[in-house]
């Protein structure tokens, strides 16, 4: 029975499904260091994490993004959250809303997770400005944060 | 300037504002062990956390709840999240949506945070049934989880 | 290309593959609260976590178990690690080796993670004795820990 | 040179030194589940953690206790901190001061670590009352928390 | 009653109270990235965290700082603790005492939290030397760590 | 009895024993910032952590390394794990096996711990190439990661 359901949900094209979600989020060019180190890991990240998890119904993409931003702010890991500020904005979440998520989460996980989020968000906003400038001038730009 | 803003937002009645938020969330009878141990801490929890933080504009109460649920599932602490399943349901978040938050967050914080959330949510659903039964029979019910 | 690889690795029968891994580990009757709350989550746990991850080549099952035990001892979550002491023993990892993992990991994640692991392992050893006694007497036994 | 210093500090009697620290803290009857599961681990806990670490000069025992309480409240692990409320009180740290540590730390690690600490401290205060009653009545008392 | 107490403790001037605490700690020029991103968040950090929490009686400022240092070393977040080594020294906590806090906490939260603290403290000591040199030469110095 | 055992295991030469373990792992030139900041802490790291813990029987050095890598990937701290990728390779653990540890652990501690590990491992592989080039050219090389 479980097998039947699996077949119905089409695991064979999970990678394609994942790429479609990534494009909606403006993230299709990320995780390339995974691709370089281990193509199988990259496939799993695209196919399982984005295809099978982010692609699920039951919550809107906006809500999945808010919830993921919250979990990542909570964990305050050194890397891995910068890209979610970008995809949040790509999905139409405003800067004000992002700050509210920080304030809300920070009270559940500690003030330094809040100030770490401020720092990471500020870094990404500054890099975005640089990237936009580079684009206008027709120059390539390589992110140090993503 | 900051002072002026503070005065305008009326910190004097932050406790009342917090209690109003707590009532909207069905949480007005919680944190009583804080009240018993330290009335000042209880006042800070109601006034600052619920009055000044949860009471902020910029995100809907539903979104603040989703984001808080996410942060707490992420941290997988032994206590403190059970009540948020109840207030989520009180605010109209469906069981299906709660499970989607678990699945989404669990992929960012580890499978055991997902299975810990399943366990805590199952416990609260079972206790809710007991509480409802007790209520029908006119009996008092004391939660072991909250 | 990624798609071709996916097809070759046969995602369609990932659930069956997961159940085979679970049986080798003596875990085939676990995660039933997931099954009760959300059959889709249960399918994902069996199919993805055990089928696609635990079932990967590149490390022996013993090594995957040691590494998982280490990660879980590190995180010191309230639930979710008890079962891994049982599957470790099922896979032939000795009690002595389990204690060495605790000591080694505890120095990287703090003494209380070590003492928490001692407590959880002791609980599981005691419950295992009870379960064995019940079995001899032909009685059913329901775990409070798993 | 390091060797000479080691010899001078007398590692041979670290276990005895550890037991002396434990007695000053009223903790000499703890960690017995470690002793039961692995005598070597128990020896390491007494000799290294209490003898070589807690026994160091440079901070008072009161300050080491405050700092340890803070680290444990921060981590919000399911077990392992209850005993530190007792040893804090044994060392003369007042209930008021313990609550201030909770409030201070809770703002750096999240409100649920604060409410988890309230819960654990309340449990230990209640059990302490039971233990005192049992003592008066000449009955034995076995802690469920330590 | 809670309201009356609130009024008595004068929440209206919490921002000023927070700034006074920050000055005693030598931190009055920090959190400026918060101010730039969100003036309301900055106001909350000064008014609530420093005014209402750090400004509480019941523990000395030295003890609040030791306890905060401990919580932050425990969490080993990528940013947010550097400034606390500076304010510790500003408050008269010696380098030796800071190292003892690291050793004590590191045993409760893992050796890498200890070595991460060593790295962060070493970075701040080196930057402090640079800042002092710049000051002597009448040059401005911009911290990369704070 | 515990005392006798302590004497027999020869704590007096724990520092030498630690250095022998460090050499087998190719780590004898690490932790020098600890030595610079606090020689006693360095002695404790070499003597206790490597001499008394890593030097224990009961698990092979390869297994201790796998388990330590797992715990560190789990915790996703900003520093402290880079060196363990190097010592893993020094001990003969293959790049493929290291990636499998990441994938296995990442499912128990969250996708960002996996992607953080990918980033740190990639950084160390790139720095290793630079170091090898410098060596061929007879130039000195100073790591920015260790």
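We just call them A, B, C, D, E and F in the order they show up, numbering each chain from 1.
Simple rule for what comes next: contacts are C-beta pairs under 8 Å (C-beta built on N, C-alpha and C of every residue); 3 or more make two chains touch, one makes a residue touch a chain.
Keep in mind the model is a prediction, meaning the values are calculated, not measured.
Chemist: Chains touching chain C and chain E alike, please list them.
Modeler: For chain C paired with chain E, the chains in contact with each are A, B, D, F, in label order.
Chemist: Which listed pair, A-D, D-F or B-E, shares over half of the residue-numbered contact pairs seen at C-E?
Modeler: Repeated interface of C-E: A-D.
Chemist: Since chain A and chain D are copies that touch, just let me know if over half of their interface numbering is common to both, same, or not, different.
Modeler: On the two sides of the chain D and chain A interface, the residue numbers are mostly the same, over half being shared.
Chemist: Compared with chain A, which chain's mean CA position is the farthest off?
Modeler: D
Chemist: What's the distance between the Cα centroids of chain C and chain D, rounded to whole Å?
Modeler: 31
Chemist: For chain D versus chain E, what separation do you get between their C-alpha means, in angstrom?
Modeler: Roughly 26 Å, centre to centre.
Chemist: Scan chain E for residues touching two or more other chains and write them down.
Modeler: In chain E, 44, 49, 71-72, 75, 77-78, 99, 103, 107-113 touch at least two other chains.
Chemist: Is the chain-to-chain touch network here best called a line, a ring, a star, complete, or other?
Modeler: If you draw each chain as a dot and join those that touch, every dot ends up joined to every other.
Chemist: Along chain C, where are the residues that touch chain B in the complex?
Modeler: Per the touch definition, chain C meets chain B at residues 31, 33-34, 36-38, 41, 44-45, 49, 71-72, 75, 77-81.
Chemist: Per the contact definition, I'd like the list of chain E residues that touch chain C in the complex.
Modeler: So the residues of chain E touching chain C come out as 107-113.
Chemist: Note which residues of chain D are touching chain B in the complex, please.
Modeler: Result: residues 76-78, 99, 102-103, 110-116, 118-119, 121-122 of chain D touch chain B.
Chemist: Under the definition above, what is the set of chain E residues touching chain D in their complex?
Modeler: Residue positions touching the partner: 49, 53-54, 56, 58-59, 63-64, 66-75, 96-97, 99-101, 103-105, 107-109.
Chemist: For chain C, which residues are in contact with chain A within the complex?
Modeler: Spelled out, the residues of chain C in touch with chain A are 2-3, 5-7, 11-16, 39-40, 43-44, 46-48, 52.
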